[in-house]
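Next up: the structures, one after another.
There are two complexes below, and they share chain A, which is joined by chain B in the first and by chain C in the second.
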Partner chain A sequence: MNDLRLVLRNLFGSRSRFALTLTGITVGITALVVMMSLGGGLRAQIERQATDLGANLIVTPKGWCAYEQVKVLSGDRLPDAILPADVEAIEAIDGVAVLPYLTVGSAIGNEPVAVTGIRVADTIAAKRWSVAEGTAPSDGESGVLAGAAAAETFGLTVGDEVVLRGEPFEVLGVIEPTGTGDDGVLFAPLDVAQRVYETDGRVSFLSVSVADITEVDLYAQRITDAANVAVISDRQLLASVLSVVDTVGTTLTVIAAVAVLTAAFGIINTMLMATLERRREIGILKSLGSSNGRVFRVFMLEAAAYGVLGGIVGLLVGTAASHVITPLIAENEFTAFVGGARVAAVPPVADMVTILFGAVLVSVLSGVYPAWRAARLAPVEAISYE
Partner chain B sequence: MNDRLTLRGVHKTYNGRSVPTPALRGVDLDIEAGTFTCVIGPSGHGKSTLLHLLGGLDRPSSGEVHVFGEDLANMSDLQLARFRARRVGFVFQFFNLLKGLEVAENVAIPMMLAGLSPREQRARAEELLEAVGLSEKAHARPSELSGGQMQRVAIARALANDPDALLLDEPTGNLDSASEAEILGILDGLHSAGRTIVMVTHSQDIARRAERVVEVRDGLIA
Partner chain C sequence: MIPIFARMKHALVLTALAAPLGLLAGCSSGVEAIGVNALSADPMAFTGTITVKGVVQDIDAAASRIMLIDEEEYATCGLTPCAGTGIIPLHVPLGGEPSSAGSLYSGSLPDIEDTVLVTGEVKSMGQGLVFDVDRIERGSSTLVSRQ
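Let's look at the complex of A and B:
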């Protein structure tokens, strides 16, 4: 006999309650892991996306906030607010290469789909896309180049037709997966998109590469001198967007933490029930010479077991679930604000250890009050209890 | 003093929800070590309370309790727990075995509490179960045993740490006469071997086997 044997026997003594309480803490930890990997996945995806822009400067209309800047990286619809004259003025500056983007939207069936007008050949070269099937549309051609995820989601293959603003477009090519938000977008030639969406030559934003990266501030100055626009560097953009992402991530984590807290009350409840149910047994143990401290310890070990087991199972289930759930969240209309994060990031080992440690800590704290109640039970009172 | 169980002017009042209930009202009692004493009397007159005080399961409201030289009235909870683990063994009417544990594990609990190694626990539990004739039931669950067998396990458990005294509260109250005879046989054997036995009982027949009968009535020794 040892304390552990007693603890196991107590845990398995009422199997259904053990299972339910364990489920509670497991669900909490699972939620925590899913939310954290969702946040982490989003962050990783944004970072990849920013690198993938291949630009040093982003030109936006004046007065954009971080929320709109996220959309530069996620391919979501943005207002078309940069005038053709401004685009021309910027392109006239020596040493800059400009790629204009017009982000619009459409729907296939009832599903929204992101559509972006680009200078096809320039953008393919700048982003180093490779076209997996078919070919890219030429300027002026009513055709689209589909991102890999968009093609898969809507079952598009080369030769299919999609309707944008009432006008038929042929799917001419599909891009190899890039692991960025571009995968979820249909790309059309800029001039065609501008015509169909009636933007009068306006675009949403520009990405600008400069000839001499050491003079990037100077180029930014020249751009704002030449046109009525705002300029931010890719680093500023990334920092600004990541601050939004991290806020989302923190919010998600807090929500999950509430789930863990709820589970903690489940443990307290179960352990309090156990002290009531086992009053008599506590009395027996005391009559056999068990000290209060010993009773306290057995109850605390029982509570800790929930944290250890729930933590481990929660980590496993959470990691598995985040691979299943993350793509669903990214594709759902209501949760699409988290963008194209279709790939979950498994939380780093350090986070896993923290979660497990936290789970044990929460369950141990949950055990303190019930264990204290059990320990101070007077043996005679406990034994006389029927 | 070291060879007896002594109560001096012992009062015990339970503070119930409404009114305080006196259970013992000034008891003086001396029990010699090695004797077989039966405590008789009507239900609710303080027999069990007397037993609990002798075993350090409870403290008197006032008065002195000395058992084998130890001053129980003034001990801390921890000291009382240690006293119960080593100096006395309790046996109750309803056996009070822990279900979900094997018979041998039930017997080993007091040894665990006294800090014996698992190996020592196993060896001693085997020995004790053999002494009460239940070697073959070592790995059974309490629920698989008859009442008489459960009470034999409870006695084996009470003897786990070789206590000086065995304190029994109606040990045969829930048993048929054959099982009762078995239990009483075991107790006679333990008494002959020199162990102090204090047993609460309703039965005059059983009380006749004791060397001494103490009657408790209205919280006093009659």
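Let's look at the complex of A and C:
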């Protein structure tokens, strides 16, 4: 009997034990894929948001922490702390184009919805939005432009009414899907949002495009000289937010790695049990001339088979499950903090290969001790075992 | 070889079914609660009985007042909200004068930094909007309930 047939016969000799051991490694790999999918999804979402912002500089109130910087990208509610005088001073600087944002919120049917006050025409032009239905509201008009996802979630169509801070607003238009957090927002004219939310002309943050991107630092200096604000470049903002996301991703991956490690102990246990149960078989093999090396190899191949099968099934199940499970996992204070986190990104092929290789490696390492014990059994002792 | 793979099919099906179920077992559904920042953005937009999830930032035991901050913000900024967009005051008198909404309560106040679920209703009173608390829960236990 060749080694491969021997391995397969041994693996399926006890189907339930095989299935349970395989389930252990599969669950571990599935968890790893789901967690990597979540981490990758968060990263991709943040990068999309940053690109979509289309700014070279972000102007924020002084003293903002990572929380607010993340919220700039996610579109969630932020304090209105930039004074109208500061906005005017920044707009007076040559070579800058300013887009102010007032990020507030409301609810439809007791479900929270993000609301952002914008200069509608300027923002549509800067973000290259297409209005799929209806028209965009004009300045001073009590109307909203709904993001595609917001319209779908709340069943909003042109002509519907939403109430913001007790004041009725007509849904005047729906934006084509952008694939960013903007899809989940209701946009109102900035002046109207400032009046309804009683901000006295204040805004949450400004996105600033500069005429000469080689002089970004110079513009940043001019802005801080002109107004009592803080300035961060789009790259700094992205790096800051991604550092938070990467911390979350690493934590999740470590948790998943523990699941893989637990599965490894399952393999050790299964293989040790197999060593004990097959002592007579090992003794007969050795009596027929099989070397210690062959016995060791057969056990190692069994362990590797768990890694290969568990890895492949885990990758398949994990990829499918990430689309179902990732939104559930994303609903916690760590990932929800990033906002817009309900996305799953399938890990790149290189990562998939690494995961599969890792599964085989863990399985092979788990099989070393049981295989070594099997190989060093003396034939006489093994045959006489009952 | 073929019978071996036929048997293998059953094992793989079992594995494929067990893996996602194992992962789902680790997820909790929980109550669909509203965040403090979401509520404070437009309190009037929330009607009827709602449940708010937040973290206890401050307690005035003598006045039976609790300040609630957003859970997400607390996770990043601690007890001093960096965005400061929403702090919800709750008045839950455990005896003495009733709250402005006319309610009295029994039980014990939560501790600072407790994550709590507060069920109640936004009401417009003489001095403005108040959150009329029905009960405050921490985990599976009810700490405060309306008498």
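By definition in this document, the second predicted complex is superposed on the first by the 365 of 386 C-alpha atoms of A that agree within 3 Å, B and C clash if a C-alpha of one lies under 4 Å from a C-alpha of the other, contacts with A are read in each partner's own complex, and residues count from 1 in each chain.
In this text, contacts are C-beta pairs under 8 Å (C-beta built on N, C-alpha and C of every residue); 3 or more make two chains touch, one makes a residue touch a chain.
If you're wondering where the values come from, they're calculated on a predicted model, not measured in any experiment.
Taken together in the superposed arrangement on chain A, chain B and chain C fit without clashing.
In the superposed pair of complexes, A:170 makes contact with neither chain B nor chain C.
When the two complexes are overlaid on their common chain A, residue A:104 makes contact with chain C while staying clear of chain B. Once chain A of one complex is fitted onto chain A of the other, the partner contacts of A:112 are limited to chain C, with no touch recorded for chain B. When both complexes are overlaid on chain A, the residue A:160 reaches neither chain B nor chain C. Applying the stated contact rule after C-alpha superposition, one finds that A:379 touches chain B and leaves chain C untouched.
Between chain B and chain C, C touches the greater number of residues of chain A.
With both structures placed on the common chain, the touch criterion links A:27 to chain C but leaves chain B unconnected. With both structures placed on the common chain, the touch criterion links A:13 to chain B but leaves chain C unconnected. Using the contact criterion defined above for the overlaid structures, shared-chain residue A:133 touches neither chain B nor chain C, since it reaches no partner.
Figure note: vertex chain A, arms to chain B and chain C, all at CA centres after fitting on chain A; angle 110 degrees, rounded to a multiple of 10. With both structures placed on the common chain, the touch criterion links A:288 to chain B but leaves chain C unconnected.
Least inter-chain distance for chain B and chain C in the combined superposition, rounded to the nearest angstrom, is 9, based on C-alpha atoms. Comparing the two interfaces of chain A, the one with chain B and the one with chain C have residues 5, 9, 12 in common. Here chain B touches chain A in the complex through residues 52, 55, 57-58, 77-78, 81-86, 90, 92, 96, 98-101, 105, 108-114, 118, 121, 157, 161, going by the rule given at the top. Contact residues on chain A toward chain B in their complex (touch as defined above): 1-3, 5-6, 9, 12-13, 280-281, 284-294, 378-380, 383. Residues of chain C touching chain A in their complex: 1, 4, 7-8, 10-12, 14-16, 18-20, 22-24, 27, 34-35, 37-39, 41-42, 44-48, 50, 71-77, 82-86. Residue ranges of chain A in contact with chain C, taken from their complex: 5, 8-9, 12, 15, 18-19, 22-23, 26-27, 30-31, 34, 63-68, 71, 76-79, 104-108, 110, 112, 115, 163-166, 309-310, 313-314, 316-318, 320-321, 324-325, 328-329, 333-334, 336-337.
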